[in-house]
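First chain written, first letter: the chains are A, B, C and D, and each begins at residue 1.
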Amino acid sequence: MSHELRVGVIGFGWMGQAHSRSYRALPSRFGDRDITPVLAAVCDPVEERRAEALANFGFAEAHADWRDLIARDDLDIIDITAPNGMHRDLAVAAAESGKHVFCEKPVGLTLADTAAIEAAARQAGVVSGCGYNYRWTPLVQHLKTLIDEGRLGALTHYRGRFFSMYGRDRLGLLSWRFKQDEAGYGSLLDLMCHAVDMALHLAGPITRLTATKETFVKQRPLPKPGEGTHYDRGAPGDPTGPVTNEDYVGALVEFAGGARGTLEVDRSIFGPQSAMAFELNGERGAASWDHETLNQMDLYLPEESPADGYQRVLAGDWLPHHGNFVPGYGNSLGYEDLKGIEAAEFCTAVAEGRPFEPGFGAALRVARVLDAMIRSFDSGGWEDVDLSEPGQDSAGHDSAGHDGAGHDSDGGST
Amino acid sequence: MSHELRVGVIGFGWMGQAHSRSYRALPSRFGDRDITPVLAAVCDPVEERRAEALANFGFAEAHADWRDLIARDDLDIIDITAPNGMHRDLAVAAAESGKHVFCEKPVGLTLADTAAIEAAARQAGVVSGCGYNYRWTPLVQHLKTLIDEGRLGALTHYRGRFFSMYGRDRLGLLSWRFKQDEAGYGSLLDLMCHAVDMALHLAGPITRLTATKETFVKQRPLPKPGEGTHYDRGAPGDPTGPVTNEDYVGALVEFAGGARGTLEVDRSIFGPQSAMAFELNGERGAASWDHETLNQMDLYLPEESPADGYQRVLAGDWLPHHGNFVPGYGNSLGYEDLKGIEAAEFCTAVAEGRPFEPGFGAALRVARVLDAMIRSFDSGGWEDVDLSEPGQDSAGHDSAGHDGAGHDSDGGST
Amino acid sequence: MSHELRVGVIGFGWMGQAHSRSYRALPSRFGDRDITPVLAAVCDPVEERRAEALANFGFAEAHADWRDLIARDDLDIIDITAPNGMHRDLAVAAAESGKHVFCEKPVGLTLADTAAIEAAARQAGVVSGCGYNYRWTPLVQHLKTLIDEGRLGALTHYRGRFFSMYGRDRLGLLSWRFKQDEAGYGSLLDLMCHAVDMALHLAGPITRLTATKETFVKQRPLPKPGEGTHYDRGAPGDPTGPVTNEDYVGALVEFAGGARGTLEVDRSIFGPQSAMAFELNGERGAASWDHETLNQMDLYLPEESPADGYQRVLAGDWLPHHGNFVPGYGNSLGYEDLKGIEAAEFCTAVAEGRPFEPGFGAALRVARVLDAMIRSFDSGGWEDVDLSEPGQDSAGHDSAGHDGAGHDSDGGST
Amino acid sequence: MSHELRVGVIGFGWMGQAHSRSYRALPSRFGDRDITPVLAAVCDPVEERRAEALANFGFAEAHADWRDLIARDDLDIIDITAPNGMHRDLAVAAAESGKHVFCEKPVGLTLADTAAIEAAARQAGVVSGCGYNYRWTPLVQHLKTLIDEGRLGALTHYRGRFFSMYGRDRLGLLSWRFKQDEAGYGSLLDLMCHAVDMALHLAGPITRLTATKETFVKQRPLPKPGEGTHYDRGAPGDPTGPVTNEDYVGALVEFAGGARGTLEVDRSIFGPQSAMAFELNGERGAASWDHETLNQMDLYLPEESPADGYQRVLAGDWLPHHGNFVPGYGNSLGYEDLKGIEAAEFCTAVAEGRPFEPGFGAALRVARVLDAMIRSFDSGGWEDVDLSEPGQDSAGHDSAGHDGAGHDSDGGST
């Protein structure tokens, strides 16, 4: 009766585990959807992780090589949370194998990679999904509806940011994340993609922008061979090496609908912890939200209110999906619940054979904005964003990047 | 290798489902504990619920009659989320059958019921647990540590409250919840038990108090036969009947440690949504917390701070249990995660063969405070709280209530 | 053209200075009222203060003895900010001399004193005013209007408090403020009078209550002879003496309109700084306000709002009196501006020959609530509040206290 | 004994009145400074205003023509709050007459005007002052000290804004404020000057920037002849004309100390009321402040704190100047009190014969940043800010603008 969807998960770090928990709990949260994900196979090169997947998550089988997982013919969905540099190979192969593909952000390291991935999924006709989880916050969903209904009027201002502290420790080691030749861009890829997706989602296309970047932590302790993720610390006096990608990106942006604003991200900032946030203003209303306090939103609709002032709206089961997690008013959702909504919506799209939003098309739209930022880093001026249909660049040429990194304006990657 | 614990769940409404999800996800969240709960059996009189438990939660078997579940000899834990009026029969039988017992709050409808349940579990030597889930909020756990370390100094003030809106709709039907002869006390049992548990947990024993109660919504529409939970609404003009238990309870309290304060609860209040909250002050610091914003706490420790003022502390993986749900700083936990912590800690206590706190002893301590409030409703004056060891009342007599409701000062129950 | 009002100020500590600045700036803030207060005379026993009043405030003359000031025949208003223990003598003499009288809170040290003062002013037919300045906060005025219009529905809950930190330093000296035989009651007189006035103003008469008190700082360093206000500090190890009046008062209260609630005050609490605050709930709305953030109020009127949640309303010139101080939205008023409003309204009442609210009648209503609290301290039970017309106690007898302290239930004063 | 300073005020709208009240109350607030401003003369072309100044503010004389006031030989200080377009003529004449000059912001309409005014005051050797009042907020003063002490480490991020709503009403008339040829730039002059001054004050010189502008309300109802300030409203359907200066300015900025950030202002935004605000981050701490809640600041100094999180610091008399207005903790200052501090500090500088900061040098530094923004509007790229000493432009040439508007890149003024 229930629609069984066999899932293979590639990459079993924290994010792969979060995805797996979300699939597994889906029937107990979204029972009325009659969908039962089956954790059929997991892939990770680390043996301990494979063992944990089998023992504690209920996976049926484990692979060390992703080619073995993708080659299976019993899977409906391949879910990719492997390191970013592998996304292009994995996602293209998964799509070409005919499975539906969910890939964590950033889908590609470069515009060319993302375009190639988008093209592969489009040409294969599979459902694609991308992990822009902040969209799924029930209050953000509600705000999107209010905007679409015109309750806030035409938007005039959008200020987006993602300020994270994960790199703020000056003694954090010089891991791959901090090297342009290994990770590509820094906070642009890791944080700005989220900020841009939210901006596009709520305020519509960005047409042009000017951007700048900076590296505040210019040297970091060198990792000792065999060690050295960005969570480890060196000691004062340790030998150091240069950080070669950026901590900070800032941009002035113009939206097709007329709004103006700023987008800023930083991975080494001192103060905010995980401030994926926005403030937006329209001709009749305004709103602000911050992921650090995801269960509340400040909403300003004075024509509909007894006084002038922002109303603090608390999340509750009157919002989309919230009641699938907890009933009533005043009870909070947590971070992972957003991934639970994402998994349920993606599986539902697969089960119903319809496109999922945000899919790789959304990822491509984000990548094009990031590409304009990269061009502006070099030019120092305003750059247009490619708004052409996927598959065609602004001049109407094939932009899938089959000719490789040569056309990549992002010199730092691959 | 992993410690398998076979669980039977009695009652499969929302709370039973939340408990079940928590048991099931335990290995994927607390892998290092090597505990694997097995959802062996469920019991609910409603057939649809039993079917859902089997289909979507992975229960192995389902029973319509709780006696069949308790009679099984393959269970380690019996988890009770059935209606409050059944708790005494269920919990006593479960304990007497030698299983460990977890029971949702309020454990007993009356002091006599709670004492009987506590005595049964104590005499059977089983591990008992009670669903005072707010204690498990990582920030509350952290605050408890700060208090125990003396960082706030001796506490001088405690203001606790639980303001919920579930009864605020004046057209909400006159369900069993609003009748003293069916539900016993109203917000005293449903909300004050949480407020009292938190107060005792953080500020220590309450020695005496004076209390009052009020019913603000004095009439409610009568339910139509066969319908009528408190979530349904009548229409203006429908025939109504009297609400016979209280919406509001307020109390002035004195703590053994010298602190003074107030406890207030209401189920029909207009404004707060689920404000299970407290503010406390000591001779060196202060703190406040509200479940509506469970991932933040205002902490005042001026001697350790650069200025005078409350610090807003955000939850993160530096706190107990938080990292089992989500890594890093600034990522939130949700309501059900508190039940996940509760389940993990209870299972760990069972696996290790040691008492769990809060167990039925904690429930009895809460019930004695509620009993003093009930006595004060009648006397209009200050009443002492029984602080004797469980099994002995303040006069040294057996208080297990084997002689039944006759010794129950709570005239409204059974 | 402009109505000139000649003012004599008795007591020139900080509060007397604030009153004087308010009178002096009145024409430049409230030009359309055509009232010009003239600072005709000041009285203070301290020579330096008299000199400052003449040099920096523009007073025409200064007296060392209050009898000289009251004996003048050229004054319209006598404004009393002298120590509380002198209020009865001063206010009665001022009223009997036919001047209009403004007196800082608490008007009388005891109910008998307050009743005597109220009677003197009433019998003399002068306009009386009392310094319950928090009422004048423009947002509080606005809330009062909303309540009176029924926008919040019938009130059901009121939680008032005044938590101040002025006594929190355990090394603060044992000044007269901390001695029952010199100051009378402690925080009851100093803080609870404000909390009660606000409660009566917004939620109507309190009919009965039960109250308790506590002294948390039980010993304080003895002042050295000739020194020792409560702002000075002793050193650890200094000889100490007992504090004989209370730090804390807490009460459960019932209002004539059906609302229930709590009132709490403390002068030695650790955390709040000057939290003169309330939260109130009605059957259709709710509000909360705190003097620490006097330019904002949280207002809950969900039937008039786009969502469920409190709206943060910022003060601005759309509110009463606000525009007399600063134009536009988003510009704040300060503490002393509330005294400026108070002075303008009092002078306007005097100029127009009509009663001022809050006058000594309001002070008497407050004193009767405090008296019920005092009675409850002793009885441990609920006490009724005298709600009779001024001039008649609840039994219909003359309560003006002409027979002196003998009928004073407050054993600590005079 | 007391230092008497004779003041002439030019312009008696709201701001002139606020200045006058501040001078007049100075001795009663800052008695220990022994300074007595005398309101010797006022000038305003509007007769009613002159009458009010004489009647309600205590001015000795009034003039209709500013030349008469400046020609007086009995004045120490000339205080200019006349319309912006008159500032250059007034300020230059006042300085050349040898009086000390205080001028409201923006000092000049253009860089050339500001440079001419700065040069005139410098060459005359008079003390100059400018109305950047937000600097004087006691909490901002405290933050400045913390930054200077290195408590926050080297600053890395600065986000400043001034979002005001005064133009948000789409039916607000097309007053002079909305016309480039009458007012010059719009929000750049009116709001960005404040945002830039605060940024320079706290984070040091801005070296380069890129900026953009937008007009959101493109048409406004035409005023009827003889009417039409920006506070009046037209009706739907009224004839309209084009708004020719900008509502919005946004900029990316780089500071000499290495910090990056954004500055944004808007006069027609929907949501904020008077959000003159900033957030700044350093390598060891962070802070944020908003004029809408001027008595609180969020301060982040985790190395000095018991936990990670922003501390909400409330203003109190432990801060500079606060205790001159109100004693104790938790009592607020209001908007006009900032002008009171400004007046006291300016008069003190005059009395002591030393420069005042912010004076016209500060105004020139701000004007140069605004000029770089104007250049960037045209170029679309990054523009350097002139950081040369006043009197010399970046090429070492005299930049006082004696050659007039011809060298003014701001085509909209004079």
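Before moving on, here are some points about what is shown:
Definition applied: a contact is a pair of C-beta atoms (placed from the backbone, for glycine too) under 8 Å apart; a residue touches a chain by one contact, two chains touch by 3 or more.
For clarity, every value in this text was computed on a predicted model and none was experimentally measured.
Under the contact definition stated at the top, the chains bordering both subunit B and subunit C are A, D. At the subunit A-subunit C interface, residue numbers used by both copies make up over half of all numbers present, so the two copies contact each other through mostly the same positions.
At the far end from subunit C, in terms of centres built from Cα atoms, lies A. The distance from the centre of subunit A to the centre of subunit D, with each centre set as the mean of the Cα atoms, comes to 42 Å.
If you average the CA atoms of subunit B and of subunit D, the two centres end up 57 Å from each other.
Centres computed as Cα averages put subunit C at a distance of 38 Å from subunit D. Annotation for subunit D: residues touching 2 or more other chains are 272-273, 308, 310, 314, 316, 329.
For subunit B in complex with subunit C, the residues that touch the partner chain are 153, 156-157, 159, 170, 210-212, 214, 216, 248, 250-252, 254, 258, 260-262, 264, 266, 268-273, 279, 281-286, 300, 308, 310, 380-382.
Per the touch definition, subunit D reaches subunit B in the complex via residues 151, 298-299, 301, 304-314, 316, 318, 329.
For subunit D in complex with subunit C, the touching residues are 2, 14, 17-18, 20-21, 24-25, 27-29, 31, 52, 55-57, 164-166, 272-275, 291-296, 314, 316, 325-337.
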